[in-house]
Amino acid sequence: MSNTKFLQGNEACAEAALYAGLDFFAGYPITPSTEIAELMSLRLPQIGGKYLQMEDEIASLCAIIGASLTGHKVMTATSGPGFSLMQEALGYAVMAEIPCVIVNVQRGGPSTGNPTHVAQGDVNQARWGTHGDHAIVALTASNHQDVFAVTVEAFNIAETYRTPVILLFDEVIGHMRERLAVPEPGEIPLVSRLRTSVKGGVDYHPYLPREDGRLPMSDFGGVHRYNVTGLFHDMWGFPSDNPKIVHGLSRHLVDKINNNAHQIAMYREYHLEDAERILISYGASARSALHVVVNRRARGELLGLLELQTLWPFPSHIVREKCAGARSVTVVEMNKGQILEAVKMAVDDPNKVFLANRVDGVLITPTDIRNFLRVIQGKGV
Amino acid sequence: MSNTKFLQGNEACAEAALYAGLDFFAGYPITPSTEIAELMSLRLPQIGGKYLQMEDEIASLCAIIGASLTGHKVMTATSGPGFSLMQEALGYAVMAEIPCVIVNVQRGGPSTGNPTHVAQGDVNQARWGTHGDHAIVALTASNHQDVFAVTVEAFNIAETYRTPVILLFDEVIGHMRERLAVPEPGEIPLVSRLRTSVKGGVDYHPYLPREDGRLPMSDFGGVHRYNVTGLFHDMWGFPSDNPKIVHGLSRHLVDKINNNAHQIAMYREYHLEDAERILISYGASARSALHVVVNRRARGELLGLLELQTLWPFPSHIVREKCAGARSVTVVEMNKGQILEAVKMAVDDPNKVFLANRVDGVLITPTDIRNFLRVIQGKGV
Amino acid sequence: MSNTKFLQGNEACAEAALYAGLDFFAGYPITPSTEIAELMSLRLPQIGGKYLQMEDEIASLCAIIGASLTGHKVMTATSGPGFSLMQEALGYAVMAEIPCVIVNVQRGGPSTGNPTHVAQGDVNQARWGTHGDHAIVALTASNHQDVFAVTVEAFNIAETYRTPVILLFDEVIGHMRERLAVPEPGEIPLVSRLRTSVKGGVDYHPYLPREDGRLPMSDFGGVHRYNVTGLFHDMWGFPSDNPKIVHGLSRHLVDKINNNAHQIAMYREYHLEDAERILISYGASARSALHVVVNRRARGELLGLLELQTLWPFPSHIVREKCAGARSVTVVEMNKGQILEAVKMAVDDPNKVFLANRVDGVLITPTDIRNFLRVIQGKGV
Amino acid sequence: MSNTKFLQGNEACAEAALYAGLDFFAGYPITPSTEIAELMSLRLPQIGGKYLQMEDEIASLCAIIGASLTGHKVMTATSGPGFSLMQEALGYAVMAEIPCVIVNVQRGGPSTGNPTHVAQGDVNQARWGTHGDHAIVALTASNHQDVFAVTVEAFNIAETYRTPVILLFDEVIGHMRERLAVPEPGEIPLVSRLRTSVKGGVDYHPYLPREDGRLPMSDFGGVHRYNVTGLFHDMWGFPSDNPKIVHGLSRHLVDKINNNAHQIAMYREYHLEDAERILISYGASARSALHVVVNRRARGELLGLLELQTLWPFPSHIVREKCAGARSVTVVEMNKGQILEAVKMAVDDPNKVFLANRVDGVLITPTDIRNFLRVIQGKGV
């Protein structure tokens, strides 16, 4: 039996989740993410896991939060409108530090928008959709091999940092079929749930960090009794409005992610070493961008591509370093410039950063990008 | 009978909404916004308006969207968790271009967070909380006279641009009592609903702009039959995935707001004309910032304050112009630097922009700000 | 018998003085320097040297000046109040060009101040405490190995340039215990007294320079008779108010030190090669600064430390060169910004220089410094 | 009897002190300040005041500190070597907040230096001579009318801020004779000792500020018993090493002076309004500088003079403002550039600041200054 499959990106994501140890999935179908739920409903019962079809997206996220607390690796999948509905529960997972993975296969928005067509317009929502200061992890990919890898990594990050992780794919990646070489078990290292060594009958502090900063968990409903809340809370999990505790937890929730931006940063680079002009892209857009770079290099032009897989925390240090010597940096994305702003903040000179985009539901093409580059290089149309 | 009242900021907001012509309010109580609903439930029946107590915040926003379509001036009020729940319906209002006002009296987040204490952490959520590319209007104020003025202006902007407008107050402003001189009727100009001149029985195109770009409305359920949808749509309101139509509407939704940033920009300035160091603040934080500026000016220091009332669309042109000559710009806010980033993007040299903040549920004090300024000016503690 | 000792910084200083050839010490005890006198009173008689307990600090400095003139290597030790009392005699040593070493183990000032707690407030006094234009050498260190090294170097500089040298330690360095590997004899080169080759009975000019600019000495009370005075004087040491002689000696006293700033500059650097942000520190403060740098480098931040051991003559050339590419330079010291001003004068852009300090008698901690850096980097609290 | 006198600057200073209400003087004679003590020994007994000839300068300063505490207006006078001896007691007056005036008529230094000749080399010593962080007030003047005025102001400042004030004259000003029109009583306003309104038998807190920040005094040895110390202390005057109290008092001692730099700044300006090139000078040097400006203006050159009377706290704001438009700024002083450094720190571009000086005991002449200006303007010699 072969290890190579020919499948949709959505299916690659589902396979990767199972590889990572997922055994609980709750969801509500929505185009263009439905294939993920579909495959889950088939595969989970086969391995003794649980698939729950919920009444809506709010319930879906709440269900996996609960299941995670009881010790399971969990995921849900949706698209923009469903992701908007999940914003309140997402904040709860952030505050209570619940490991979980949320897939948003992007389509055109806002609102019901352009359901069957591609977009990358939910990047800033992933960062800022729930209320209050917080940090978030969001990953993406431009091909099925990477969809598999970042999905496994999403589970690893969720466990390592006790945080929700968002997988921000897009309609083209989700529905396109290409080959996936499924890794052997053990080929990609997995991070297991860090469980407390505190015995039953002994006090367990759910928010008391170990020396290395990590917070061991105890399966909820198991041998320890403790409180979980969306309110600011102390090390016992009990609510507090003491300013020192509020400040401490507020900083902790942001610092545990942002201070580890180096570890969380995933990216690919193509011909950056001597690039005078750099493209930065991600997801389906990066496929067209890579095509342009390969094509232009063949003609001797010093063009390079930085493909981001980690979108949040934004890998500013990587972008700054890679773009230091470039004459221009062009962000290729399918929205009105969301990663563009992050790139401008990261580089030394924001005036050298340009946008090549498309916002009409059609995948940006190599020809589109080449036309943008002509203008950016001062060559007109 | 005197026109001066001594009241809470929440009550000033409610009074202003009535002054602006509000006759429909639907909501679900949540600290620290509840007084708005409370006063509405008392006052609306007295003037023949409607107050609806809904089952949750999703229903609340949906109810006022419907009421607006039928010709009413409408509002709902909530705080962070409720605002997160509203994100999906908010996108619908953006896409279908429904005038409505949504008040978010901010408390500490994420999640249920720090309910009875102040924060300004929902600024970026107001901008990016719903999925997909879009633009938004968000206003705030630092005193009750301005709460009244920006609330009236929120209704005017909602009608002028057919857009939801967010009023982003905070717990201190909402609950603090101070004097309000209620303007005489007619003292603040009001923008009425622009209704179509198309007669009944004649085709009405709900999304066909007049020569001046505005879209006249026809009370839904009235003499015209037409379609309203959250999908991308043509001038009849019928769904379309034609790339040209998608591109056109996508740009329209953003441009109608962002291209009018000058008109929408509301702000106050104090001693900016010769300021070497500038504070930028808003909401309750601006009260402390103003105190510092007045105090330091008395000592001859060239300190000034730019108080923003319009947060989105961000008044970049104002900020850039006012800060051109300053040696440092310090953003005073109660979050981890949300307006800070917008200011950095706006000014010539982002390295001269600093943050003076507090994130523990306590109002930032003049002393806090002075201590930040000492460090920023290189004076240590 | 091992060469490694576990001792206080004050004891390390005393051991180093003996290593450097000290055989005369006069002093008056004052916290936090007393251990130096204490150890001297024990050790000097053992090696045939002289320890004199004087009636006050004025007498102490005068005694070692006299002893130096008769051919001895000499030192006294005190803290702030005693150092203030020494200012008049210090000027005499400068004018008469007497090699001597004066230790000031700093405590909180002004006046009797905060005797048992740390401070670094005497940096500018070391530079400018005595009246009239002059130059001075002042060294410091942040650990006992360096205390040993700079103390030996102080004696070498005193002999090389015929000048008083100030060792400006602080209470934490003086009282903290840590390991010192005492160098083998000969491991650190020593500069001996340069004695005149002029024979007895032949005219000796005490202030007539050799070709290399150095002034050979003759043990006072020995074979030559000559004049020593605090007045401006000619090459015989006799007073003169001739403007040319006054101008010449006035310049000589400053130039012999400041023109050799390169040779006198001692410093350590950590991770400066690619540092975007630089800390400059010295003494006990540099211990905390180094902790922050090591910790932040582990997270990938481009932070570096320049630790100054020579404070005066200020190593402007080193500071300018090392800080050329930095986005910010933060001086970490325990005063209100004394070295800060020297750094501002040295770098290209004084606006990029900040102060991280503490002035309450408590050692500045790594956490303090990190908090300053957050504000300086515009990140707030 | 005429109000106009023809006298030495030292005598003008003594007359002004009496005008200001001085009734206690203690001193030890030293060239070139002796005439002040001489005149005091004659005049004080006539008006029922006290003149004390002390055994040295340490005793002199200690005596007037004690007399001030008991309710008198006090002064001592000395020159460089005596001023060095006073540094320890000066710190005590700073810490205990004792109003007193110390005259230093500068001669050539360091050490006994050039006793009968002019210099301005003690400017930085006045600022930094005593140990520990502190602030200081130092005033000077270039003619006898101004000597009188700044001396009266010195007493006013000493009382207003409870601080020692240094009068930093020089040998030329001290010994030169010119006319002085002695003001009528009441012509210059006087600041009296602010005495507590707390009655005897009621607790008096010597370091508890009134609402306006001032600290009322009670004549020591009178109806209240309280503690005075050179240690950091609380509002009762009792020693404390509590970090909050140390930090608070440390900042208070600096802020009460530096935050009032505007009020304390005294200066004269000549032809600055359109000056392309500016001289900054003080004391005797300013006489030559003014001569050059008057002479050059007659030839149409856009030269101006800023004459500083307040040297510390350095009037940075005045210097910055006045020099904003100048092409070059030349500091004229008789040392190696002490005010030069302060000017460089104050202006926008330190590269446009030059030094015209003399350090040989001879008054800098207009010709000297003109020769410097030729070089500074690129005209060579």
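Going in written order, the chains are labelled A, B, C and D, and every chain counts its residues from 1.
Just so it is clear, a residue touches a chain if its C-beta (ideal position, glycine included) is under 8 Å from a C-beta of that chain, and two chains touch if they have at least 3 such contacts.
Because the structure is predicted, anything quoted here is derived from the model rather than measured.
The minimal number of chain-to-chain contact steps leading from chain A to chain D is 2. A centroid comparison over C-alpha atoms places C as the chain most distant from chain B.
Between chain B and chain D the centroid-to-centroid distance comes to 56 Å (mean Cα coordinates, whole Å). Chain centres here are Cα means. That of chain A falls 30 Å from that of chain B. For chain B, the set of residues that touch two or more other chains comprises 336, 344, 359, 381. An unclassified topology is adopted by the chain contact network, corresponding to no line, ring, star or complete arrangement. If you check each pair of chains against the touch rule, the ones that pass are A-B, A-C, B-C, B-D, C-D. Chain C meets chain B in the complex at residues 327, 336-337, 340, 344, 351-359, 372, 375-376, 378-381.
Listing the residues of chain C that touch chain D in their complex gives 80-81, 83-85, 87-88, 90-92, 94-96, 104, 106, 108-117, 119, 121-122, 124-125, 127-134, 229-232, 241, 243-244, 246-247, 250-251, 253-254, 335-336, 338, 341, 344-345, 350, 359-362. Within the complex, the chain C residues that touch chain A are 299-300, 381. Listed in rising order, the residues of chain D touching chain B in the complex are 247, 259, 262, 317.
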